[in-house]
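See the structures that follow.
Each of the next two complexes has subunit A plus one other chain: subunit B in the first, subunit C in the second.
Up next, the complex of A and B:
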């Protein structure tokens, strides 16, 4: 049972991180490689701010969320939008966005590595985690917040994309961007908002993970990026519910491997999962199938 | 000249091995296959060569050759598995492959030296040897870039449906690009490892992918000459400008992002455009003179 609780906590962090990526990739078709760097740098700015003044829990989270949204919005404005405008077709744009994202991601990562000399950093906060005991299970307050936030935002976003008018517009862009634009969907504005939302989620995940672990390293974002990709592929691109399921499945699989004493193989779980899913069921668990001719 | 050479021999050799690594990524991209498996091949080639020298007591060149052959076969097999994936899925699956290689190396026990890596595999390699190998590789690549072969490969990249309809076996070409990329990547890994005498799992990481991509994107993705320009810029820029040395990764991230947005065909593309424009102007002037004579 304690393991299940740990899985829920780990899975919720994965979920918060992967949701932003899934939202952006599944709707406006951008695989944002700078998502991991956004995540890390939001927490890093939180670290810089709290090393000046001590802040309460919520204030640190708010700082990270705002920074995350700002970084993602800037990335969209300065890199992805110009690329989309200059590309001849979707295929060429995809590659240039991926490469541009890799370039953008290197900048905050290098700055953080330079400032911290690649050592982990944390927050100085008036908040102190307490350990709750429920039916003999131990759960820190941070983990409780993480689980509640992960589930609430995951389900909330799933329902929002499915039910709301904006969500409909977003899904329409995902299916056919040009037709959607013809029906009066403002692609540029919606893409901008989606990126900012995803960045805010990355910032939230960054702050919560740092609170939970005490400290994170600048490279943490890169590892999460590959895991988030595995989660999205597992759940199916364009399906928010699939992302929610994928996050907890990956967390469960990793915890299982860890408990069987194969600690050094944990990273191989997500890489192997990417492989298996892409080969056996490329559309993922809940994804729609795409038609291909070659 | 010889003074300059002996002072910069390490940099020259690094330029050449970086060029080989960049070529292993560039080849599949030129075939329209977004594969980063060349970096994984770098790891396989490096480890195979080091293992052959340290554990089997082989001499330099058989070790390097074994590394190139094995990484060629492995990457070809990978190609058989993943060749039906497209675009981003292919990119991420091959990045996952590359990172799995590094996990395997960590868990390889005595064979791979675990997380600490393998030491003491110092081969007898000088610049002449690398140049000779590079000459062979470049000769093969020039053959694939020019005349009929070049046009067929361009078609496979730009319009696979059209290529299929005019009788070009797209799948065969894509698989060939995997094998070629594996062999070149393996050569790069073997030579680099035996020059430095060590290889560690940490080297086969995401940063290496960025190094290779930077060289190609900045130089130009369509020709080996572009990769050469990129490798020269990449290796020599930090030694020229001390600001670049301190903020190396920030500068490279910035360069990659800017190149992805504004120079999709790299420096080589810009130069070719200028030459083309100059020639067109000359041609027009010549025609104008002819018309006046009437």
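Up next, the complex of A and C:
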């Protein structure tokens, strides 16, 4: 049972990080490699603010969410949108956005590394995590918040993308941007809003993870980026529900390997498992099969 | 026709001779580097270390220490009146390829007399064979893994962690520990070596049982599972060999899992790297080659001078850079020759004799430094000597 709680906690960490990335990649087709840097820098600003004045839990989270949204919105406005405008076709735009994202990510990373000398940083907050012990199971209050937030936002976002009009418009852009625009969908505005939402989610993940782990390093976002990439592909690109499941599958595989005391095989076994699943279902667990017309 | 052929042959022979001369001039061990050249008015030392990237703290700290040493060397006229040392910083940015190319750049610069080499083992082990071939004396700081001190031109001023880790196990024995668990980052060469060979051997020699050995990866960020496994076994002490951010998380999650026994760590937790763990780090004990808590005369003098220059406390990386630069200066003085070959000979001579620096008394096993180090305890944001 304790292992299941650990899977839920670790899976929710991965999910919170991956959700924003999955949202923009699966809908407006932007594979944002600056997502890790947005996540990290939101927490870093929270760290700077709390170095000056001690803040309660929710205030730190709010700071990180706002910073994340602002960074992602600026990234869209100053980097991705100009790239999209100047690219002749979708394929060229995707490649340039990918490289652009890497370039954008380098800036906050360099700033945080310079300021912290790559030492870990956390928050000075009035919030103190407590450990709940129920039927012999131990769970910290922060882990409980992370699990609830991960599941609630994951399910909420899945329902919103499926059921709401805006969600439908977003999915329409993901399927065929030009046709969607022809049917009155304001792609530019929607893309801007989606990026800001994804940034806010990155900020939320940054704050919650820093509370959960005690501290993060400037490079933490990069490590999570690879895992999020695998989770989205495993779940099926474009499927938010797939991302939710993918996060817990990866966490489950990692926890299993750790419990068998093969700590150095965690990545090899987990990513090997994903590879095997993708051999059987190339479209991912819940992804739709791609149809190519000739 | 015959005349033209002769001309071509003469031209080709000329080109071949030029190429050989150019190779000798650019390649390793030029004639001018054979020593006996006296001490130049300006000595150029290249510091090829991380100034940015994930282990920038090691390179930046070493830079500050080296700058302080240069100031003292010049002020004292240690190498003669008016002799200046120019420190050229080349950033390896945490990348092995970059370390290799920056080292090549430094070695190719004929004005560079010696190099302070990369602080990461992977980088250092990559460039160590190159400095042997190019015959450029190189003093490494940190880089505690194998494959670094491998030829006459490679020296290491930071002792490998396992050489001063014995005192940790001795401390645990004195505290009555009979059982320990080891939680280690198996993808970090120094910790892998220590976790798989060093600590088991040291523990066995002291009659301490290792009840659990848990390897993790560089990418491991959550330690909830391992913490619960450790709390379940409840060993008398935990040997934690993790990088800085990992240790902050592990300390928090160990407490959350209910593990309250002694935890011992490594010098990676020094330099304030554990500060973010807050109260969870209280009582943590770790060995360091240098700490401001060290009460030796030379260590205190270094701490005082560093505070005066930089208005902050020095960390072990600054002590590395300081001792590395003084090691080179002593070598130049010992050989009376600031050429590459002269410095190499001097370094070998000083290594035989040992010297006293920021880290206390440095002795050498071959070209590899050894120090007694100190065992410190972290309490409320400060290091004190562990009792």
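We adopt the following convention: the second predicted complex is superposed on the first by the 276 of 294 C-alpha atoms of A that agree within 3 Å, B and C clash if a C-alpha of one lies under 4 Å from a C-alpha of the other, contacts with A are read in each partner's own complex, and residues count from 1 in each chain.
Quick note on the criterion: a contact is a pair of C-beta atoms (placed from the backbone, for glycine too) under 8 Å apart; a residue touches a chain by one contact, two chains touch by 3 or more.
Everything numeric in this text was worked out from a predicted model, so none of it was measured.
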Quick one: is A:45 in contact with subunit B, with subunit C, with both, or with neither? Answer first, second, both or neither.
neither
Is A:267 contacted by the first partner subunit B, the second partner subunit C, both or neither?
both
Once the shared chain is lined up, is A:170 touching subunit B (first), subunit C (second), both, or neither of them?
neither
What is the contact status of A:98 with respect to subunit B (first) and subunit C (second): first, second, both, or neither?
first
Would you sort A:2 into first (subunit B), second (subunit C), both or neither based on which partner it touches?
second
Contacts of A:198 with subunit B and subunit C, given as first, second, both or neither:
neither
A:117 in the overlay: touching subunit B, subunit C, both, or neither? Say first, second, both or neither.
second
Enumerate the residues of subunit A that count as touching subunit B in its complex and touching subunit C in the other.
110, 113-114, 226, 264, 267
Write out the stretch or stretches of subunit A touching subunit B in their complex.
31, 79, 82-83, 86-87, 91-92, 94-100, 102-107, 109-111, 113-114, 222, 226, 229-230, 233, 264-265, 267-268, 270-272, 274-275, 278-279, 282, 292-294
So, in the complex, the side of subunit A touching subunit C is made of residues 2-3, 6, 9-10, 13, 110, 113-114, 117-122, 129, 131, 138, 140, 143, 213-220, 223-224, 226, 255, 258-259, 261, 263-264, 266-267
Contact residues on subunit C for subunit A in the complex?
52-57, 60-61, 186-187, 214-217, 219-222, 224-226, 228-229, 244-245, 248-249, 251-252, 256-258, 271-273, 275-278, 280
In the complex, the residues of subunit B that touch subunit A are 34, 81-82, 85-89, 91-93, 95-97, 99-100, 103-104, 106-107, 115, 160-161, 164, 170, 206, 209-210, 213, 217, 246-250, 252-262, 264
